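The data blocks that follow each hold one structure.
Look at the two complexes coming up: chain A is in both, with chain B in one and chain C in the other.
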Partner chain A sequence: MGFNVEIKQWRAVAAWTWNAGDDVCGICRMPFDGCPPDGKYPGDDSPVVWGVCGHAFHLQCITKWLSAQTEQRCPFCRRPWEFKAAATAPVQEEPVTIQPQPHALQLPR
Partner chain B sequence: MLDLNRVQKELKEIERDKASGVTVQVIGSNLQRLTGTVQGPADTPYSGGVFIVDIQLDDQYPFTPPKMRFTTKVWHPNVSSANGAICLDILKDQWSPALTLKTALLSLQALLSSPEPDDPQDAVVAKQYLSDYPSFQRTARQWTDTYAAKGRADHEEKVARLAEMGFDRAASLAALQATGGDEQQALELLLGA
Partner chain C sequence: MAGTQNRIRAQGPGTARKLTIKPLKSKPKLPEDFETTTWKKLQHAVHAVHGKQPVTVSLEELYRAVEDMCLHKMADRLYANLQQECNTHISAELEKLASSQTIDPVLFLQHMGNCWHDHTSQMLTIRSIFLYLDRTYVISTTGVRSLFEMGLQLFRTHLASHPQVERKTVQGLLQLIKAERQGETVDRTLLKHLLRMFTSLNIYADGFEQPFLEQTAQFYAAEGIQYMQETDVADYLLHSEKRLGEEYERCQQYLDSSTRKALVHAVERQLLEKHMPTILEKGYDALMAEKRVPDLGRLYSLCARIHALEALKQSFREYIKKTGITMIMDEEKDKDMVNLLLEMKANLDTVLHQAFQHNEQFANAMKDAFEHFINQRQNKPAELIAKFIDAELKAGNKGQTDDELEVRLDKALILFRYISGKDVFEAFYKKDLAKRLLLGKSASTDSEKNMITKLKTECGSQFTNKLEGMFKDIDLSKDIMTSFRQAKAVQAKLTDGLDMNVNILTSGYWPTYPTVDAKLPLELNHYQEVFKAFYLSKHSGRRLVWHNSLGTCIVTAHFPKGKKELSVSLFQTVVLTLFNDADSLTFAEIQEASGIEEKELKRTLQSLACGKVRVLLKEPKGREVDSGDTFLFNEAFVASLYRIKINSIQLKETVEENKKTNDQVIQDRQYQIDAAIVRIMKTRKTLSHKLLVSELLVMLKFPIKASDLKKRIESLIDREYLERDEANQNVYNYLA
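The block that comes next holds the complex of A and B.
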């Protein structure tokens, strides 16, 4: 006996996170998934950037620090600071979870 | 604007970590004036002493270093015997926003263990350290016993008076420590004047 289920509608829920290897920005101590003091929204408004040394900070935080320094060094390791090119920044490798909402699944009558 | 969020997180972290040997206490209502304590390291002339540090944060913290000064008198080549000013690179040009109040206080503790007489804050102490080490040790020990060992007990009476006016005991003690025991100045600090 066959039982055909036709999905009429579904809603996807995805979780995102910066794959920064650390939970909080070493400058403002706020989560990478959150906002630095000057940021309003998490995500594209509060991007995370990497140095070639491998340390990550909120873009706003590291920019504020570097702009006040004569020598541009990483706050953590004091190595000369250079922004790591975006393409080589670590990519999120974990699969994105998609959870259909139960109420969105409608069985045929 | 001072990053209040970060300072509050730092204070919680210090509060949680009782084993570190350093404390920080807020004075008054804003987070710009604080009092820290550092325990004298074992096997040094400072052992057994509790050294009080006056801490001031400016609007740019953590992008600028905290201003730290010993209010307890210390006999040490890198601390002014007159006003407690400290010569330590991370409190000046080697500061980094990845450092915290806790790591700075731990650096002060490390400085007590390992003086740098070649980069002195107090030339007289540094000279004695280099030319007559036994005398240096004697004086440093004497100062610890005189000023750092009973710093808390000395303030007891004043704390009681301030507490009677309705101020928190811990905050009163911190304010007294920051002002070197001056009750009037401590009162002004507590009132946020």
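The block that comes next holds the complex of A and C.
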């Protein structure tokens, strides 16, 4: 009866993207998965960050924006800007079963 | 000794005796007839010399006689008398020649030669006798020629008064030289002798050289025309080179060295300059096509002589363009295009180095020509070069050492350098690199990284950023997998003994893949979920998408004739596991159970049931899969090997994939054009169409048509980035 096929080894491929809803950064208008204008590499080297207001930008873009402003506000909703802690970023996936690693993303303080 | 002592004694003080010399009482006088008799003696001797008779008086006596006459201030008359004697003799000799009836010019030349020989040797003897005169009177008196010069002068005068003698001599000489040019052996000593005469008499340039050069030009003009018709180009060049050599030798052997330049020039002009355009037009391509390096080398050096290298370079360039274009445009030869181009390049290099002496301008011409023709066909050459490199770097490409591989890669890179649309290359290279990395088909990581370094030096780091990112992802994935395996809590959930390995890609680096859904076997689904949770717990703020089409598996399958290990794609695995519960399934059933999209499923089934290795059987039989087919487990499957690979379909490029890669490039170019337009307009605010286009052409690194630019500009106007100036339709304004 049949092959009785058993899978021994699996080489899977997955791609990750920033879970940032909108496709492009509201500041530089580049895709989140691409680089901001000053960035060289996409991905880990061009991280995306969220404010407590829920808006996401390239880290480089929002830092540049904030340093040019006297008041630290989100460029979208004008609410005071505060970085959302990484662990609570709006990832609504299945509950994680192992100990979370809190500093996956290094954020400037 | 004794004498000396006596003298000392005699010089004692006191009695000194003076020694006085008294003048002669009568002055000694020359005999009255001294001058006449002495001259008679000398005249006699001169006659003897001229008449080739032995001189009766000893030469020393004659010399003294001359000396005596000079001392007694008779030098001027002596000189005049001697001149008179010579004059008479030379006049008579040339008269003899002039009246000679010799018609045969060669014979006449011999007479002339003898006459000249006699003259010079006689003048030398006379000069020895009259040496004292030559050394005192001639030197101290201005306006008097030395004896030898006087002889030449007399010879010249009398020769001038007998023009037919000179004419005959010149004719004879020209005839001899012509005969030699036609391959006969001639008396070169005679030629040399007579030509020395011309030089000595100072009539070489006018008397001989001019008619000689005219004759040379005539001769070679006729020969050039005749040979051009009769022989092929290579022989013609060989002949010309031989001729030039002969003329050089002629200059060394008997012509005056001052003639060389004019002579060689005349030959070059007649044989080469006049015919070079025809030579290049008629024979150049054939020489190139037949790779006749020595002939080409000859052509080069001959062209260099006549300053025709520019024309040769032009032919070289045109030849490359012509052959290149036919090679590039022939779609049937696409498979071999890169190899053919490499071969062509190698041949051209040989010609350049061996025949054209590494001439830098020619190297540049070659580069120009390559850049010209290779970009005549859009995109395809770049794509094929990328694929060529892919084939070189792929695993299983054995039989060549690392050094050989390096050489081949470098060669391919040279072609790559000529390509102006490097983005096409990048796209295809990236796609192929992705497959090599993800399907584990790369021959060696060292070679891969080496290649990236080469591309980096060639195009800068901007170009290779993403490619390097891909390697970084592979390395990062390994780390993640290590920590995944070490996480005990996670591993506790995985009990099936399946070895899972995930490559996690950063989307921006890799080519975009369409997501092809499939219903995975339960165990795989479980693994997938566990891994995903693990990953996202480490990296928050991310999403993970599975690219099933790139997944591969190793499975064991139990056939009645033995257990086999199959290396298969994930989709193949999905299909095969369906047969765990059934011996026979229809296409529709498989589609339903696997959830794989129809086209992809057909490809998968074809590879399992219609390829070289058939683990499934298809009903009805055939090479193509139809949606009405039924598939059966192949019970009779046999194979000599235990491990069998049937996943090559993943490596193969599908038509859609190719189109997608090309489309991606076009899309990217549009973005780049848009960005460039906006960037320029933002700084300039207002710009005419013409200026904008020319700035764009400088800024953009890929080939573009002006019509494409126009479309992009219009699109930007529609999107209100720009507007046309109201006063002038050809001017754009930037809208902030």
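One rule holds for everything that comes next: the second predicted complex is superposed on the first by the 86 of 109 C-alpha atoms of A that agree within 3 Å, B and C clash if a C-alpha of one lies under 4 Å from a C-alpha of the other, contacts with A are read in each partner's own complex, and residues count from 1 in each chain.
To be clear about the criterion, a residue touches a chain if its C-beta (ideal position, glycine included) is under 8 Å from a C-beta of that chain, and two chains touch if they have at least 3 such contacts.
Keep in mind it's a predicted model, so treat the numbers as computed, not measured.
S.K.: Who contacts more of chain A, chain B or chain C?
M.R.: C
S.K.: Is A:D44 touching the first partner chain B, the second partner chain C, both, or neither of them?
M.R.: After superposition on chain A, A:D44 lies in contact with chain C alone.
S.K.: Applying the document's definition of touch, where does A:A20 land relative to chain B and chain C: first, second, both, or neither?
M.R.: Only chain C is touched by A:A20; chain B is not.
S.K.: Applying the document's definition of touch, where does A:K8 land relative to chain B and chain C: first, second, both, or neither?
M.R.: The answer is second: A:K8 touches chain C but not chain B.
S.K.: Name, in rising order, each residue of chain A that touches chain B in their complex.
M.R.: So the residues of chain A touching chain B come out as 26-30, 37, 61, 64-65, 68, 73, 75-76, 78.
S.K.: What residues of chain B sit close enough to touch chain A in their complex?
M.R.: 1, 3, 5-6, 9-10, 60, 62-63, 96-98
S.K.: Spell out the residues on chain C that touch chain A in their complex, using ranges where they run on.
M.R.: 438-440, 465-466, 469, 473, 487, 489-490, 493, 498-510, 513, 521, 523-524, 527-529, 531-547, 550-559, 565, 570, 573, 576-577, 579-583, 615, 633
S.K.: In their shared complex, at which residues does chain A touch chain C?
M.R.: Contacts found on chain A: 1-20, 31, 33-35, 40-44, 46, 48-50, 86-87, 89-91, 93-101, 104-105.
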